[in-house]
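The same chain A turns up in both complexes below, where it pairs with chain B and then with chain C.
Let's turn to the complex of A and B:
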């Protein structure tokens, strides 16, 4: 909330503020909603001054007007199309991995969500020479080891591996609060430096969200809202792509789920109706694209092939999919794929 | 003799003089001849049902000219203000849709147009689109109050779009705002309606399907445009049995219509109509 004070305008003197506060007009929003003549009679300001004040408050606090053509030229010049480096997935996604978007990868446990993120991160660091921020919520040091492992298995020179590793920055995050402050830090640091970061991976958002749900004062949804706003701002402002990992769970009794108010409803008659991404109903609408990575056969735990399906998108038909394999050098296109 | 003077404020006078063109013919499958000026329309739907895409299509129809080099584009040639909170709208998608649309229209007429001409047409049309991106609820409310002055500077604007009303709800509740979703939504739209009430503009906003109170009473639609009321609702849903098929239900004060549609790279494609009372 923007409270009215003398910093916002010299017209808001102590006595004017007192008069406004006595009529419960505390915020800029409330001030603007009142009719100017009423404000004038309350505050003993002249109507002319009230109008000037209104205008100055509007210019200070409203969003910046951007013409469509300027936005188009800005995006054309500054936005970048990233790639996953997995041929069939790139063919499927087309221009989806363009900066300025938030993309979610969801899947059951052990389906290969982290592997997919690491592969995309490594491939972009290698081919695009961009900085990749990897925000890791897991315990242990598996992430760094696996990144090195993927690079070594790609049969590259030591120099290339070192450079690529240097361009991937890993931040460990344990709680939602730490995640929020990490994003705030990124917001400031990305604005200051010239280095070209185009990809931020959060693995995983559900990892810091779930522990919060049992706290007495449950404010999971408020944090999600805050994080979503932050991510939208960062992705647009600095032209970068967010890749967010989310856990999915299997629904055994869809009707029982409807009892919980904040859980995502299950769409009937769709191919994955027994799967449900976590993070609540609010989050469901946040990513512009949602990808599901899943095993073809649940029982065969040694099977390394996976299917990646599109669950939400504005440009690709939903439920279209491609088949990939988890290998030593990360995720690659399945050989049987035609 | 009864002297009856009707006074109008300077703003109303300006609005009348600058009379913003009507948005009639925006999408005949949904509105027939409408929407009427000053109408408020709600678009409601789950994820991936095409809410933002529908808005993108409305923008395309609005900002394109009616004719271009003997090709009938059927555009309305009016300006659009888009207030963005969800940041789902993608201008490249809009440009892409426009390119496909112009090419399709020109090939069906057997006319070839240069790539450069298309680009210039798109760029000049995009001059009619005004984007306001908000990142917090206070910013959004102040932005609403900026719209009247924008409408005076740009008399061509006839359509105000808001995508979506739900973006800041959880944060607002946390900072002591209205908890009841229906009331929150109505209040928010009402502030916007009050700001544009003096002008001949149509307001359309989107709302995710989950965004309603548990004990939601069905709101009545108003016939006349009125602050605090909506005139139409378009509800977008997955088709119950056929895959990749969607249903749009259009409700207003006296009727309810259903239109089926699919989504492809040319946007929403309308299929057939069923009317039910």
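Let's turn to the complex of A and C:
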């Protein structure tokens, strides 16, 4: 813990702590910032003891240097490669769905973000026998009947369906505070559980972020920062994958429309130029991979085909894509896939 | 990883007071030997703060409970029928509670008519499969006509009487039908006229009290887009819309409500210069809506839903209310 107390070192006796606190030196950080001789004069400790104390605090609270080969072995032994269960998407992504990552799915409203999450959640619960946590921030996004529906259309026995559904845990979250509490609780509870959880889906982050949007202060960004570090910590500590949904909106630039004339074609190398994922600039760098799910034909509301494109990744070419269909059994590979 | 105090739902002055005394993390506040007990020094600081109660303090960090999807699936939900079988089947059994439904369409297509019908339907007695509850109607551009609601109520009561007689539902249903009168139906629709977005936000904040006193299960906001059009700044508009919907969605899950919003169509110009009609208020608004219905001439299209495929249905608006097209 950040605050100085006797647990951290036997040298920090009650009277020493009292002396330090009276000079507003409460935390480890503050202690290390001060010069040793000043600490010695405040705390009435000997300078030799102050130096030992400093060193013990530094070893307790600094990051460890790890050998590359150990890190690799750790990754090899503990991380798991998950699959989406959608053939063309798995081919496209390769090893991207490996635990320890944060992956974002973005898209316009009604483009099928939730359907993709449900499909990936169900397929992993079914094939890998793992616990899937589904954190639902928007109303009714997560409906038990759609999950049941997906499983039923896969023609499975009632028992298998029930077991798979029991492995999918839902937490309904309404506010940013509740989301932070939920993640902190997972941080403590995941370590105690016997059955392992490998996938946490948050649908969606923008749902709790948007009500905090305000011109005057920027609390939302602070929270996003905290949530990002929490997610990174949890994903590394417990070797699991975060799948996060973010809304994309159409950028509407009135001037661009006015200026539009025959000679202004959209640049060929940047598709989806008019789409922008929300959650601010800071967030853009947090997920290791960003996928965009998009309607091919905006006008035809009955059309069930979608493209999934890669917008950010360090291992697959950007803008590579595959085509999928939203069917009764969840999202599947399009039949006309080339 | 520790939880910083600023992420707790605590008031600013409590947090800054704790920070002044060197407490920056939630975990620092508790006795290392007994995790359910505050450190004495922390307790002393907190007691000097206004609005602190030691009983609820620990529950501030409680996360919402998680359930398995099987349990969620097995739970019964209530639906509000629309009196058009085709429209009900778009959702399964009618407008679902615990959701926010958006009705979207050009003027004069019958958005308000559907809202009025729902105000009547939500009051159908329990023995007839209804919810036997009340409705709150928030009206932003004076669309609610009592005369028309009376007409629809008459149609609803007449239909229910016919059903009781035909299916021989027995004495309990007949008993309930006695109190299912036009007068009671009018009494159970609470209309709120609001002007502008500030009043709308205030009305939504007052809803919790109204819902507890009236036992309402249906909230209608007719003309949801209208009050927000007076805000010039785009960011401020989004902020107001999301705050209003944030409160609504908390109420929806707390009281198992159905919320129906009506929205307008607006022109969208794509970068290539093509124009198109799309629902107003943009994508961040649609994020909070679980079902989106587009209303055209005598037909209705479910264009967004987390659990139902997109499909269309035909309906007609009669003197008695909404009915099937044939």
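As a convention for this text, the second predicted complex is superposed on the first by the 266 of 338 C-alpha atoms of A that agree within 3 Å, B and C clash if a C-alpha of one lies under 4 Å from a C-alpha of the other, contacts with A are read in each partner's own complex, and residues count from 1 in each chain.
Going forward, contacts are C-beta pairs under 8 Å (C-beta built on N, C-alpha and C of every residue); 3 or more make two chains touch, one makes a residue touch a chain.
Worth saying up front: this structure is predicted, and the values here are computed from it rather than measured.
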Contact breadth on chain A, by residue count: chain C or chain B: C
Please work out whether A:27 is in contact with chain B alone, chain C alone, both, or neither, and reply first, second, both or neither. both
Let me test your reading of the model: by the given contact rule, A:233 touches which partner, first (chain B), second (chain C), both or neither? both
So, A:149: does it touch chain B (first), chain C (second), both, or neither? second
Just to be sure I read the superposition right, which of the two partners does A:2 touch: chain B = first, chain C = second, or both, or neither? both
Once chain A of both complexes is superposed, is A:180 in touch with chain B (first), chain C (second), both, or neither? second
With both complexes overlaid on chain A, does A:222 touch chain B (first), chain C (second), both or neither? both
Taking the superposition on A as described, I'd like to know which of chain B and chain C A:278 touches: first, second, both or neither. second
Given the touch rule stated above, what does A:114 touch, chain B (first), chain C (second), both, or neither? second
Chain C-contacting residues of chain A that also contact chain B: 1-2, 27, 222, 226, 229, 233
Could you list, by residue number, the parts of chain B that touch chain A in their complex? 46-48, 50, 52-53, 63, 83, 86-88, 90-95, 122-124, 126-136, 138-143, 145-146, 149-150, 164, 166-171, 173-175, 191, 194, 208, 210, 214, 238, 240-241, 243-244, 263-265
In their shared complex, chain B is touched by residues of chain A numbered 1-2, 27-29, 32-33, 54-55, 57-59, 61-69, 71-72, 75-76, 79, 95, 98, 100-101, 219, 221-222, 224-226, 228-229, 232-233, 235-236, 261, 265, 267-271, 281-282, 284-286, 288, 290, 311-315, 317-319
With touch defined as at the start, can you tell me which chain A residues reach chain C in the complex? 1-3, 5, 7, 21, 24, 26-27, 108-110, 114-115, 133-134, 138-149, 162, 165-175, 177-178, 180-182, 184-185, 187, 204, 206-207, 210-211, 213-215, 222-223, 226, 229-230, 233, 247-250, 252-254, 256-257, 260, 266, 273-274, 278, 298-299, 301-302, 304, 326, 328
Using the touch rule from the top, collect the residues of chain C that touch chain A in their complex. 1-4, 6-9, 21-25, 27-28, 32, 61-75, 92, 96, 98-100, 233, 235-236, 238-239, 242-243, 245-246, 249-250, 252-253, 268-273, 276, 282-284, 286-292, 294, 301, 303-304, 306-307, 309-311
